[in-house]
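This report refers to the structure that appears directly beneath it.
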Amino acid sequence: MAEVPMLEVQNITKRFKGLTAVKNVSFSIKQGGITGMIGPNGAGKSTTFNMICGYYPPTEGKIFYKGEDITEKKAFEYTNMKIARTFQIMKPLKNLSVLDNVIASSYFGHAGAKNAKEARERAMDVLQFTGLFEKRHVLSKDMGTPDQKRLEMARALATKPEMLFLDENMAGLNPAETEEAIHLIRKINESGVTILLIEHIMQAVVSLCEEVIVLHHGEKIAEGTPEQVMNDPYVMEVYLGMKKEDAHA
Amino acid sequence: MDSKKAVHIYHRNLTILLGLILLVFILVPTMVKSPYILNIFVLMFYMSTLSMAWNLLGGMTGQNSLGHAAYMGLGAYACCLLVVKTGANPWLAAIFGMVVVGLVAGIVFYPCFILRGPYFTLVSIAFGESIRQLIINSEFFGRASGVGLPFGNDSWLNFRFGSKVPYYYVGLIMVVGIYLIMKKIDRSKMGFALKTIREDEDAAAAIGINPTKYKIIAVVISAMVAGLVGFFYASYIRYIDPDLMLQVKSTESVLPAVVGGAAFVEGPLIGGLIMIPLSEYLRANFSAMLPGINMLMYAVVLLVVIRFRPTGILGWYMHSNVKKMIDEKILKKPSSEVLEEVETLEYQREEA
Amino acid sequence: MSMFLQACVNGLLMGGFYALMGMGQNIIFGVMKIVNFCHGEMLMVGMYLTLILYTYFGVDPYLAVPLVALVMFCFGAVIQHTLITPSLGTKSFTNLLFLTVGLGLLLSNGALVIFGSEYRSIRTGYSQTYIQLGPVNMALPRLISFGVLIVVAITLFAFLKYSTLGKQIRAVSQNPVGAEVVGIDVKKIYLLTYGLGVALAGIAGALLTQFYTVFPTAGASFGLRALIVVVVGGLGSIPGAFLAGIFLGLLETMSALFISPSYSDLIVFMTFIIILVLRQTIIARRR
């Protein structure tokens, strides 16, 4: 098992009408860990994510999941391969209750529930796990940002993934809420789910991730443990320099 | 244990109330003899069914079709032509009609579902107009003069009656049957897939729903139900012509759902219950002096509902004091805390 | 050959109307991202306005054009203010769609209630004047109408391209939030846009009256064709709408000439579906 990485990205490139958003990026993720992807705004993180998740194919390059080529797979085939994702801009099913949001996910993916009872029970389990149980009858559009971010994760978890992609799941949270989110992500990881996350909040990345990948202008500029990456002079220049100019980034 | 009992009583009361409402509808023909009134009921039944067909696609899946009159018309034509040309039994023709409409809708809309948003609506309009033009231009379909079904003696086998009562009951069975099917879909895997697609197609794909596949299934079921309504209409009126498929008829089929509340399975029923009698009353009493007055009323109601009650009559009712009163006084609905408590208890029991 | 030329000219003259309708629909869609399903009915209202002006006040249909445009502009602005703007807030595409559908029902049935279902027409002194140009025969009113159409189209294009208001409209259509941030009154632009779109439909209606009968559902086929023009010409593109309108007019007369007049509607709609699906497939592939 240790020989074949969970996810392997080989030289992917994405060009949008002449603009190269991602250039020749390669990395691999081993099973069971938490990997972070960081970089300033416009570095190509979300584009990379969307390519890995099948929203659009890379212009060049290949993506392997457990040794299988998944480059051309469509977005809706991913949960069948035990991969789930969340969105940076939350996409809750606004007019449905929290419970129904999660029930919807329970029906799909590799272990999709066979009947209404099973789906409901799984949804209840996931809500308990993510701490949304008490709010299960609230309409998801009536919830605040922290709960909606939680719901994003709950919906992904209900498909029983082995690999989870989290796209800026802590953006817009205050320190206490961030702490709770970190706790939840660690709990998910401990239950056996490999995680790749995009994040801006360094505190979260440092405390969660074993591996960090840094993107800048669509290229990978560093890779390693959080300490190694943070001490890389180029990363410091790019990342901290960016932060000074643009505090809200 | 008390709270469990309260929930049980509430569910029982709800069933009794629904049963009573159904009973009233079953008893109507024994008390009402006027063919005029019965006709309004029959109209209400098939228009509500057509609107439910639309609602599966529009309300549940978020694909706003404006071509449902064409599916209904196509179903009616398929049935009538089979009966007239081959002398087949009308009940068999009904199944044939539904299959034809389902197939045509599936084949036509398969390539169209890469289109999102307003494009689907535009294609559904163009599709409806194309079908109508095709029929007007075809000798086989009887051109603009339409097709009549054979007259004769009353018979269940040929679904042909002088009285309106049998049509009333068949219509009632149709509307209740389709309602139950829609309710079932709403709570099933498919219903959740459709609702997820309505809210966000990317989110649907992310949890493993193939949007195209489910949209096709929805359009085929919706078109088949509309085809069934076409069969009923043709058997009832006994004559069909291409005007059945006019654009405005498609709009009419949408109104009960939007006015009643498109997000609810019951929306088309409530909307139909209110709109059809009103429209017929106006048509009967004023259309000689003021033609178009009933459609004018439709339009005004539609605009008022959209402007002031965007979630429809049911959407308003759900948060109204009337519902609160009915829930507390008649149905003895327990408070939401009690309901949640029972739900939690049951969940924990399953766990143990 | 002369038949072919005649069909070309007829198609061109009719296409002008589709182009004008399409341009109105296009600005509305471009700015608010809603399809105006009562666009054809607005044309019908323009026709009745012209009819009233002609029968009761003796105003020549062509002199009525600016007046009709002004009235229709105000009418559109009022509708936008009272109905559409408040509903834009709900962000429900279904509701907005049926709002305009409901307006269409209201207008066509309102006209039916007020004017009855009779077919009416306007016959001025020059209605039956024809101009012979080589092998081609043209009715004078059609020719004048086409001329006016061209002038309106060019004015519109210049207005959107060069005037401050036009630039604001284009800004809102590209990014309403961004436009609001730089100080553009987005609600005012919405008002202006819908008024403008409706006024264009009204102008088309006024220009049609001399060779087209006036009745409550007269606008329906023009409304449908406006939708086709918008989609085929490209959303938000005014020159695209103009070309697509002309194309549609030519397609109609050509299919009437070479196949059969009764099939021309069918051919138009089928062509529309095919173009739409093909183009979307290509766009989807390119992604």
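Each chain carries a letter (A, B and C) given by its place in the written order, and its residues are counted from 1.
Rule of thumb we're sticking to: a contact is a pair of C-beta atoms (placed from the backbone, for glycine too) under 8 Å apart; a residue touches a chain by one contact, two chains touch by 3 or more.
Since this is a predicted model, take the numbers as computed values, not measurements.
If touching chains are joined by edges, the resulting network of the protein chains shown is an open path. More contacting C-beta pairs link the chains of B-C than the other of the two pairs A-B and B-C. The greatest centre-to-centre gap from chain A, using C-alpha centroids, is found for C.
Of all chains present, the one whose mean CA position sits nearest the global mean of protein CA atoms is B.
Averaging Cα coordinates per chain places chain A and chain C 47 Å apart.
Rounded to whole angstrom, the centroid-to-centroid distance between chain A and chain B, based on C-alpha atoms, equals 41 Å. Between chain B and chain C the centroid-to-centroid distance comes to 33 Å (mean Cα coordinates, whole Å).
Counting partner chains per residue, chain C shows two or more touched chains at no residue at all. Across the complex, chain C meets chain B through its residues 29, 35, 83, 86-87, 90, 92-95, 97-99, 101-103, 105-106, 108-110, 112-113, 116-117, 216, 220, 224, 227-228, 231, 260, 262-263, 265-266, 269-270, 272-273, 276-277, 280-281, 284. Residues of chain B touching chain C in their complex: 58-59, 62, 64, 66, 111-112, 114-115, 117-119, 121-123, 125-127, 129-130, 133-134, 136-137, 247-248, 251, 254, 258, 262, 290-293, 295-296, 298-300, 302-303, 306-307, 310. Across the interface of their complex, chain B is touched by residues 53, 55, 74-80, 84-87, 91-96, 100, 103-105, 107-109, 112-113, 116, 119, 121, 124, 137, 155-156, 158-159 of chain A. Contact residues on chain B toward chain A in their complex (touch as defined above): 187-189, 192-193, 195-196, 199-200, 202-211, 263, 336, 340, 347, 350.
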